[in-house]
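Heads up, the next two complexes both have chain A, just with different partners, chain B and then chain C.
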Partner chain A sequence: MATTIGLSNAEKSEASAFGLSKITLYQLLSILGLFALWEIGGLVPISVAFPTFSETTVALFEMIADGRMIAAYADTLKPLLIGIGISAGFGVTLGVAMGLNRRFQWFWEPIFIVLQAAPVAALIPLITFIYGIGLAAKVVAVIILALPIIVLNSYKAVRNASASLIQMCQSFQGTRLQQIWKVIIPNASPVIFAGLRLGVAAGFIGVILAELLITPTGIGDLITYHRSVAEYAEMYAAVFSVIVFSAITVGSLERAETRFFRPDKKVGR
Partner chain B sequence: MFQIPKLKPLCLAAMAAVAVALAGAPAEAQDKGTMHVAFGDIPGPDMVNFLAAVARAEKRGVEVEVSYLQSEDIAAQAVVGGQADIGVGTPYALIQKVKAPIRMFYQLSQLRFYPVVNGEFYKEWKDLDGADIAVHGRGSGTEAIMQLMAKENGITYNSVSYVPGSSVRAGALMQGNIKATNVDLERKRLLQRKAPDKFVFLPLPKVEASDEALYANTNWLEEQSEAVDILMEELLGVWREINKDPNVVVSLRDEYNLLPDLPQEDVDEMLPSFSQGVEINLYPDNGGSAESVEEDFLFYTTAGTLQGDPGDLKVEDFWYLDPLNRALDKVGRM
Partner chain C sequence: MPTSLQSMPRADDGAPVSKTENIVEVRDITKFYGTDVHALEKINLGIPVGQMTTFLGPSGCGKTTLLKIIAGLLEPTSGEILIKGAPVSGPGPERAFVFQDFALLPWATVLRNVAFGLELRHEAKNEREKVARHYIAEVGISGFEQKYPHELSGGMRQRVGLARALAVNAEVLLMDEPFSAVDEQTRRKFQEDLLHLLAVEKKTVIFVTHSIEEAVYLSDQIVLLSPRPGRIHSIIRPEISRDAGPDEIRRDKNYLDHVEEIWQDLRKYLE
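And now, the complex of A and B:
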């Protein structure tokens, strides 16, 4: 019966209050509940440095309107995009190579496992000793956070490619290259893409850490500056904008992943 | 049956000795209150004067706990939130913008900047026309002073980047990542020591403003007035002793075993650093005054930390000078 996999027809029809599906309604309630708690926390107040949600929202729109926020994102996105680009290109290639070749795997796996487990916030100041305090250091911070996730996901995706499909390719006398291009990589691509999505999320953490710990630029500058002059609504607006921006980006990637690589997941949503 | 241990007479004797010692202790060394001081910096040789005053206050019965937090902002939040009683810094913006119920009450040191450039590229202020400079942060005093000098010399910088921490900027200067910035006294001495001929220190007109001050919740200052008065008196005493003869920092550190884990390099640097500090009037003899606060208003409004006309700002909105005045009445003004 189809009802065990997704929503039953009854559930779907029952859920259309205010013209919204039950899922959307619950998701909206969850977000609104959080904002209400934030507003109450600011009104109490938890601390003089904790603004209400409404104050933060006003500050956010002001910062968008006067162009400060857009200029800051232009600065922040530079190291993020370069870092993610390098991590994606290098990471997927290396991960696939590790999945296909045991020697590659033995050599690289410990390095990336250590990097993934390392407390990166503590390593970031060390980056400045080698890469200085400019763009290069921030790109490296993004790479350090994003690369291990992308590499390890890609490697595991290739290693766990369907053995029966590979055997089928062999039985049809496919060459090793055909096996890789036509069977292994297409079969591994959903997990590789999931790794990329997680890598982007980690990259956001990397770039913000770098902007807070190395030199304040972009969003990091907005957070640092408004904190230093005690403009907490603006400071929280900058923090809030990063969370929203990161969530939208990662959410969009997840939708793309579901649409292009995992049509099976659509049913269960 | 309960066995009397053989050591009992010895224990009794020891207990009696402790009791006699406690009874004979000076009446002052009793509980005069507690205070938790939060620094927004790591412990360093420049804190020896403060820690000596704390050690003396402890001898007079004030229980003092000192914490070292990551930044001045966090220390200020700890004071506002009640996790710490006294903070170290100049939280003018916090007091003005969010009406935090805190007031500064003792000026520990005055602000001193040292604009410094890489001698290979620049020699004087005029050379910085079109140059890339680095300062502590946006809206910081370091930025205000660099912009003021640009205006005076009719120059414009190509870019201003923000590199928090004098030590970080000094390191970046030595590595060649930045070529023009400004540093504090400690890092000026470091640069002169590590690369004596590489850097040029540019001239600067005298700036009169607080660098570090003590601040606390006004309620707490009133409730713990006895403990605060003791600390004030000891601070004034230590500051004046050092201004009279900077050599006392060494004996103070030894006497109270302050910062015993300091690296030898820092220990060696301590005396010359304090001597130079005394030469440039870094340590006020009277812990600040209404006049010094007005000078703060002038500087911090220029820096953008404070908003409004300096003439309209009121001393009592930012400072609580009663404990200092009480202490000065007792120890005398200089």
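And now, the complex of A and C:
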């Protein structure tokens, strides 16, 4: 997992102990340190409601083995994937359009700034009034959290595209479309992808919030149920699994970006 | 030398090279930025084909503005640019630009950067890469085709910029202070290489610089600009023989006299 999250691409060749690169080693140490603190915190104990890391891990594997966790993810992933898909597709397109066109920017920018600033948990009851308690409400919760971040990042990325590269493209008689596809978007891609990563992480928050506040399904249900019956190891196993899942997804996005848009980042800077 | 030559004398200034025609004509170019910044005032100028013309002047004299207007990257407030007798607006295939800050795509290899002008013209991939490899060799950076710009030194990056401009086979090369971001040793080597290259490639070059030595060393024609608003102060033809080696040229009396003369002209703008 450590390699998935961090700056895994830089200086891979730098060998260190156990055949791992220095970066991987430090990332592993960071995570192991965190788990150790968790274990100690659980042993003290900080609270009866705070299980140790090992208890949580055992519970996690039990829940995976008996299928509860998998069934829960099947429920949770549906609104999450739909919501993230819509937010990413629509968000990047709209953000890029706002970066390229002032009128778009003037019209859409205030809406998304307000949305980004809004306390979404407080809006969720409103969502249930409009969209009920089904799938649609959860998708909307994901979108409300993920979309503004993705739109605003994409817009700022495009607006700040290098003027010198754009002029270079013009001087070689590139068309406006070539300018957008071959210069502006690759130039903006690091910030667009940073927005996507933040948006995906926000989408996870959105779907869990919706499952906790609207109707308990999927992971939200696991968390709510195990809390109510005081099975804290299982409850934390559910929370922990969300964190790991979210981190892996965000890390894979970074890899996808490096692979498809910025191969230069593979070569150490 | 207060004689403000408003246009290049053409066939009658006695020099044998002046019989050649002007590939670029600058006519009455005036440029304002906004309403109050007066960058250029009625510039008239001819750029002879196959020669190296340098725009030289203190900062604020509008030399880069004039170059970008010729390139079609900036709109003049009034006046027109003629290429081979025909007025142009905007960039065109007969001109290629070399940027001060190199303007290389950081996500593209040297090979793709050099081929980028051809990529924009939808040339087939192996065709344009063949051309790109030729010019990569010609500017002396063979072996770096698969490197990314951030892996290269400043001097090498500018060689990539030059190769990209050569690859589109434009007749006129426009170079905006190409060596200003490069250290002095690299700069001298680059100047010598550029002269060699241009002898082979037979391009017309318009070159912006603030270095008097660079201008005298490289140019057939030096256009001295005076600042605020930019006007042509004078046009100088150093007439330095290129047969001598670079070190001999730098010790040549003619060369040193020109450097001194231009310095005396320019220093009054520095107060």
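Operating definition for what follows: the second predicted complex is superposed on the first by the 242 of 269 C-alpha atoms of A that agree within 3 Å, B and C clash if a C-alpha of one lies under 4 Å from a C-alpha of the other, contacts with A are read in each partner's own complex, and residues count from 1 in each chain.
Definition applied: contacts are C-beta pairs under 8 Å (C-beta built on N, C-alpha and C of every residue); 3 or more make two chains touch, one makes a residue touch a chain.
Because the structure is predicted, anything quoted here is derived from the model rather than measured.
Visitor: Touch test for A:Tyr236: chain B only (first), chain C only (second), both, or neither?
Guide: neither
Visitor: Applying the touch criterion given at the start, work out whether A:Phe112 contacts chain B, chain C, both or neither, answering first, second, both or neither.
Guide: Neither partner.
Visitor: For A:Ala49, using the defined touch cut-off, is the partner it touches chain B, chain C, both, or neither? Pick first, second, both or neither.
Guide: Only chain B; A:Ala49 stays clear of chain C.
Visitor: Tell me the contact category for A:Asp221 with respect to chain B and chain C: first, second, both or neither.
Guide: first
Visitor: Could you look at A:Phe193 and tell me whether it touches chain B, chain C, both or neither (first, second, both, neither)?
Guide: Touch partners of A:Phe193: none, neither chain B nor chain C.
Visitor: With the two structures laid over each other on chain A, which partner does A:Trp38 touch: chain B (first), chain C (second), both, or neither?
Guide: neither
Visitor: Please work out whether A:Ile133 is in contact with chain B alone, chain C alone, both, or neither, and reply first, second, both or neither.
Guide: first
Visitor: Please give the residue numbers of chain C that touch chain A in the complex, ascending.
Guide: Spelled out, the residues of chain C in touch with chain A are 71-73, 91-93, 95-97, 99, 101, 103, 105-108, 116-117, 119-121, 147-151, 168.
Visitor: Quick check: in the complex, which residue numbers of chain A touch chain B?
Guide: Chain A reaches chain B through residues 47-49, 128, 132-134, 215-217, 221, 224-225, 227-232.
Visitor: Within their complex, state which residues of chain B touch chain A.
Guide: That would be residues 73, 77, 80-81, 91, 93-94, 96-100, 137-140, 161-164, 168, 172, 175, 177-178, 304-305 of chain B.
Visitor: Within the complex, which stretch of chain A touches chain C?
Guide: The contact residues of chain A facing chain C are 162, 164-165, 167-175, 178, 182-183, 186-187, 261-264, 267, 269.
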